[in-house]
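Sharing a structure with you now.
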Amino acid sequence: MKKIFAGILVLFVAVVLAACSGGDDSATESSNGNGGSNVSGDVIRVGLDVDPGTMDPRLANDSSASRVTEIVFDGLVELDENLVPQPALAESWENPDELTYIFHLREDVTFHDGEPFTADDVKFTFDSILDESFNAPYRSLYEPIESVNVVDEYTVEIKTSEPYAPLLSYLNIGIVPEHLADNADFANNPVGTGPYKMTDWKRGSEIHFEANAEYFNGEPATEKIVYYIIPDNTTRVSALEAGDIDLLHSPVSPQDIGRIESDDRFVVHQTTGLGHTYLNFNFEDPTIGEEAVRVAISHAVNKESIANDIYAGMDQPGKSPLIPSSWAYTDAIEGYEYNPELAQSVLEDAGWVDEDGDGIRERDGNKLSVVLKTHTEDPNRMQAVEFLQYELQSIGIDTSVETQEWPSFQESMQTGDYQVALLGWLNLVDPDRAMFNQFHSEGGSNYGSYSNPEVDELLEKGRTTIDQNERAEIYAQAAKIVTEEVAYNVVLYQGYVVMHVKELEGFTVHPGGYFKSLRDAKINN
Amino acid sequence: MKKYILRRLLQLIPVLLGIAVISFLLLHMIPGDPATVLLGQEATPEEIERLQENLGLNDPLPVQLFNYLGSIVTFDLGTSIFRGEEVSTIILTALPATIELAVCSLLISLIIAVPLGIIAAVRQNTFLDYFSMFFAQLGISMPVFWLGVLLIMGFSVHLGWFPSFGRGEPLTEGFIHLFTTGSFSVLFASLKHLFLPALSLGVMGSAMITRMIRSTMIEVLDMDYIRTMRAGGTIEFLIVMKYAFRNALLPVITIVGLQFGNLLGGAIVTETIFGWPGLGSLVISSISQRDFPIVQGVVLTIALLFALVNLIVDLLYARINPKIRHN
Amino acid sequence: MTTQSVLSVESLTVEFNTSQGNFQAVRNVSFELKEGEILGIVGESGCGKSVTSLSVMGLLPKRISKITDGHIYFQEQDLVKLKPKQLRKIRGKDISMVFQEPMTSLNPVYTIGDQIGRIIKNHEKDISRKEVEARVVELLKQVGIPRPDEIKDEYPHQLSGGMRQRVMIAMAISCNPKVLIADEPTTALDVTIQAQILELLKKLTEERKMSLILITHDLGVVAEMCDRVLVMYSGQVVEKADKEEFFTNPKHPYSKGLLASIPEIGKRDQDLHYIKGNVPHPSKEINGCRYQERCEFFFEKCLEGPKLLQLKNGSCRCWLYEEEEV
Amino acid sequence: MKQLKRYVKNKSVVIGFTIISLVILAAIFAPYLTPYDPTEMDMSKRLISPNSEHLLGTDEFGRDLLTRLLYGARVSLFVGFISVSVAMTIGVLLGLISGYYGKWVDTIIMRIVDIFLSFPVILLAIALVAALGPGLGNVVIALGLVYWTNYARVVRSTVLAVKEEEYVQAAITMGASNLRIIFKYILPNVTAPIIVVATLGLGVAIVAEATLSFLGLGIQPPEPSWGWTLSVGLDFIRNAPYLSVFPGIAIMITVLGFNLLGDGLRDITDPKLNK
Amino acid sequence: MLVEIKDLKKHFKVGKNQYVKAVDGVSFNIKEGQTYGLVGESGCGKSTTARMLIRLIEPTSGSILFNGIDLVNISKKELWQQRKNIQMVFQDPYASLHPKMKIIQSLMEPLNIYNIGTKNERERKAKEMLEIVGLDEKYADRYPHEFSGGQRQRICIARSLMLNPKLVILDEAVSALDVSIQSQILNLLKKLQKEFNLTYLFISHDLSVVNYLCDEVSVMYLGKIVEQGNVDQVFEETSHPYTKSLLSAIPSTDIKQKRDRIILRGDVPSPANPPSGCGFRTRCPLAEDICKEVPPFVEVGEGHFSRCSLIEKYKREMETNEVPTNS
């Protein structure tokens, strides 16, 4: 027993010592050494923050899942950098009437297993998303679809129950093969038409992809892609600096941006994203239900400081629910300027006065107190909330902070168990997606029970109007109202950051955070 | 012997059931449910409601608990809500990584603790003693995550000696590679990945073991039978390393068993920092997804592992301690 | 009888430094041990008898004690001045020791054979494993252990207290020592076992021509075993005498008191004699005789420390015998 | 007096005691030791490296880090002392009952201890805080509920030994009631190990709070808890390493203090090491 | 009769269907005002017997009548009342005083428990009792560690007398003391017995002390009484070979009297696995085949009993003190 033990000890010490000194040795094996299991050759190593929950595009719900499905699958369309739908699996489409789309599919496409891609796969994909029992997370986006019909092998017709303007923006969802996708295991072994095939998924640590030589847009530039799961933001950037990965994408700690930018080994891209971060006000709450309080709070939010200091300029100060990347964006809505004096006088006018001199305002013997909520996963939001707590306290509002993990926070939001919450929306490819569910009286995500018939009407109209200019006007009007009534106070327009090694070329940054352009990326040695 | 092991395993049943019940109730007390997470922010309340119904989350809690216990006793850990895979499959994939990490941490703990403890005991109340104990204490005084990040900063980012995250091939693969091809490369790479996380955990564990070795060693060196050996003219080195060490080892072995539990717990944080794909990072991500079957499965697995390690420790204890061996 | 002395202790003084302060546990103790003789050192707890024996062995706890004065001569060497390494060569070989607690004096995780064998190997470097084993078996047989072949592979806990004490004795005599020190070897044992062990010690001393220092608090044991008696009280030697002289005509008041205190079977009707008061702790400073507070013959002179007076039949630390000094 | 001398002679105790005293003094006199307010933000002064004005620099909101740490000592010590009190109360009571009454009571309590012991501690704490919600009070309760088993085990085994002591047996023969024996005869004689476990537990609790903060389940801002300061600081480790190094050191030194103190006390009170 | 013990047994369960018969059918009576001695080597069951008498250990079977009250089948409350009358002094004076209580508090405890007198009265009684056992009342406010063994044993004796008990159990009460102190305590015990009309149950392995103090004696071996009678009968008309060898094993300071010692072979058998028939036969110098049968407990003189099958055969030799040895 003792001898074995001693043997193990000796072996272990020897190996550890060897490993310490032998650093250069194995560096020769992979390009720069260390990250994940050894991979060699023509490869791009990418750092992701979480393990994908699934690899089925219909079920994808987290950023990593999207980043996998984006390179394994193709949609009928692709959204370009201006969010305009461009042909992908559908070569072209037409819009014979307000309720019908007809898509003409590419005929040269095969799935990774060699089976041809046909109209049946398209129908299958959308039928399954619409199937309630399938529990697709974004089912509501497709709900207006009445039917998907196969016209011929390479023609599909989609009919909606009413005019539904945003639909095209949502048709970039990956098409799955009918012959495989019913397998229970499909979510772990995705087979698509995209530029890369998934070859190996080490749960919680690595995902390996191999170029799909048969890709209809031509063979991808790089042979292999590896995604490494590195949950910690700081570690992930460190991994880039240590040469363990070649590319990483938001989320990053804003404070890392400057350093990497000034490091000539790396390139940093920043772009506006498709999301915003906002304060959500609960209209059911007696305190927050009072407009003066909401206005005062809004004037106490120093968006400039949050954007520039906490987010290091990665995000921009926000104004309204319409984001800059969208065609519906307008400068006309100014939002609320940072003006604590004004905030105080607004409260003063509403009768909230500090009578007992404790620094907190009262009215009718009730203290003006507010609980600020956010979730714990995003350190910057936690910092923003901490900052807001101080700002609100300074104008005489007794403010405390409550941070919860995402699922608990989500439940608080859905059950209306909050006063003011800081959170965000992503993937706002269409203004409808940014506003309908959020501000319509019947909207599924109208946590704060905001209700204004005029806004309801505008949002319904915006949805059924096809003309983009007309829609832009409608949404501008709606955004103006909700901003004035302070349903939301949009604090930030989210930005995306991509960092990669200088040698990496061909990766383009997309406001949607898409990884599709990995098919054109290559490391030049 | 067999009877003893069997009895111990039987004793484990109520404990595991207790753990199952407590973890079940605790997890269901946590606000937020898997359906909400699974469907995301844009899902409608009706969709969420429907999914909850499908997942059986709307049944009364006692019914859910009963169903859960029912499946547990048939060795069915259920299916992951998020992955759709069998929980047992998921756990079996992550388990080796955690065991590898825990065992190596334990080895590092011992490598640090055994010499320090012995030196401290033999040179009791001298500078060497204080130094050893101070050094050992440093380890346990640092939050593991802090030490982990510092190690990454120092050894990966600045020195570039060790990888900053992730796991290489399993150690077993490394050994197979070594024995089939004679090449150390795979084993090397695996050990390099293992070193920093194992070190940060091992340093934590070493404090307790060091002081245990020190105090049992001091106690043993004061024993009559050591005096007997001295009276027989035995050289001091042999007295310490042979006649005292094995006796001192006995209580240490028990501590090492408990320490293993701490390591499994510490691994939860360490794995998250180092992106180590074991039970720890699995359970953390599963909690944040409210993937209850996985969390419960991991808790049961860790408890079982802990119990088995302690059973092994007890058997080992019996092997070294003739008093028990003969009863 | 012109027997030589094998061991002679001269004015040994041992100082302790513990949490209870500094004190002399043994004060100026001298005695000689003759070849083949059994010397009894008697005294109550705290009198310094064990410290004396540990000093001879060089086993005083280093951290809290040291010999501040005196010599211990063995074969023309002063053990006090020897380096640890030299001392180690004598320990277990020329001088060895049997301790009080047979239950704790053997290492529970090593076999009997291993532990006895270790002592042999300590002193005979080139001995083969086989020889060691044979010697162990032989030794076990000599100390009266049944089935020595099996017992040598057993562990201490498998043996009774008496058997363990036999093993301890086997260890002590394994290298044919000239001097054996037995420190309360039977105190922890039942009376029937005590008789066995004493018998064994006596037999071995005779057979092997060893000298034995028997440390005990039990005057009965001394009477049964010893040739000469040394009485210690509070760190000092108070009386030295041959056995017959001591038991028939004890000199020192303390010796007298001790002897009278023992209840003897058959003498039950009278009140027991007793010594009043308590044994003073060695750290207690006393001017003059350390027994004065308890002594029934106390007189003024006792306030000056009496020296050890040489009398016709032994010596005694008491002014009462000043005139009898030779 | 002799007792005191023994404590003074033990270097661990002296060093540990000194460290802890300094930390406690710092916590008490925090307002007098620094001219700054721990919550006052000034974005124009954010992330200033240590200098003569801000000895340890400023944090991401321009708050003086030293001030944050001084006030943070209050939070950390509060977490430590209260959670240890909670754990101690539960553990000592159950340990006394378990050890004294034995039989099925003991079996049941020890099984419960087994159950708790088999949970990875941090996981249990995470689950409890997640269930109770983050915040100072809940963190303290959760840590108390997690760490009581140590006390129960230690107390139980000490009780088992003390129960057999002759003075306890004597009390039984004198007709003393169970309660009297438990609280008057046994409890005073198990305090030494309890104090040791509690002292070490204080350190453990402080580290655990930091870990919970790191996992986003700690004490809510703007309370300047060390754990929260440290885990936020780690986000800045590359740009402003002092933001995580100093809180880390604060935790380390304090925990070290408790550990040294506890270790020293154990050495002193352990009868086996004090012959 | 103050105490009547009949067929008292204590069997400890050590394994499945395995019992150690620590006390196996012990019967004796104690007369008021007398000292009753229980003698034997370690493990013979004498202490267990005493502890059953005061109900520190629950008897397996048998009856204990104290003043005619059956202590075995008695309600808790009544037992509590009766305990006042029975007090105990333990062997280890260092362990039997609460280390954190002042002497006066320890002494007052029995009065506190039975709520006797006012605080002042209790204090006065405690101080009186200190004087009675030969300690100055100035010691009252000290702690036990400030006293020597003999002084502590005086305190314990004082404490045992606080409730004016009828019976005091002295469990090896002088064994741990030095000879000069032992004699002081023995004298004290005798004095107190007269003064307070106490009855003692005196447990000891030391025959000479028993001989000195006791009126009646039982000698125990392996859980059974092997010889019983008054002290003269047992020590002078010894009838059991075990008692005989015990007596002969005591080293005597009387160097003139030459004795033939009987040295018993071997060790006391384990009580878990006692020999069949006569428990002593494995060591008995006289053992014959008949000893494999259970020996009767025969009356060899008036109130003098012996458990030996050979009693008739050797009666004559025994009486003449000539024990044949078959070595």
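Each chain gets a letter, A, B, C, D and E, in the order it is written, and its residues are counted from 1.
Everything below uses one rule, namely that a residue touches a chain if its C-beta (ideal position, glycine included) is under 8 Å from a C-beta of that chain, and two chains touch if they have at least 3 such contacts.
The structure presented is a predicted model; accordingly, all values stated were derived computationally and were not measured.
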| item | value |
| --- | --- |
| Intersection of the contact lists for chain A and chain B | D |
| Path length in the contact graph (chain A to chain E, fewest steps) | 2 |
| Approximate Å spacing (C-alpha centroids) for the pair chain D, chain E | 50 |
| Between chain D and chain A, distance of the C-alpha-averaged centres to the nearest whole Å | 41 |
| Length of the line joining the C-alpha centres of chain B and chain D, rounded to whole Å | 22 |
| Residue list for chain E, restricted to those that touch at least two other chains | none |
| Interface hub residues of chain D, defined as touching at least two other chains | 130, 133, 215, 234, 237-238 |
| Residues of chain A touching at least two other chains | 234, 238, 377, 404-405, 408 |
| Residue ranges of chain D touching chain E (in the complex, touch as defined) | 165-167, 169-177, 180, 185, 188-189 |
| Contact set on chain B toward chain D in their complex | 14-15, 18-19, 22-23, 26-27, 29-31, 125, 130, 133-134, 137-138, 140-146, 149-150, 153, 207, 211, 215, 218-219, 222, 258, 261-262, 264-266, 268-269, 272, 283-284, 287, 299, 302-303, 306-307 |
| Complex contact set, residues of chain A against chain B | 1, 8-9, 12-13, 15-16, 18-20, 22-23, 25-26, 29, 33-38, 50-51, 53-54, 61, 132-133, 135, 137-141, 184, 187-188, 202-206, 228-232, 234-236, 238-239, 241-244, 377, 404-412, 414, 425-426, 433, 437, 444-445 |
| Complex interface listing, chain B residues touching chain C | 124-125, 223-235, 238, 243, 246-247, 250, 320-323, 326 |
| Chain D to chain B touching residues, read off their complex | 11-12, 111-112, 114-115, 117-124, 126-128, 130-131, 133, 203, 207, 210-211, 214-215, 227, 230-231, 234, 237-238, 241, 244, 248, 251-253, 255-256, 259-260, 263, 266-267, 270, 272-273, 275 |
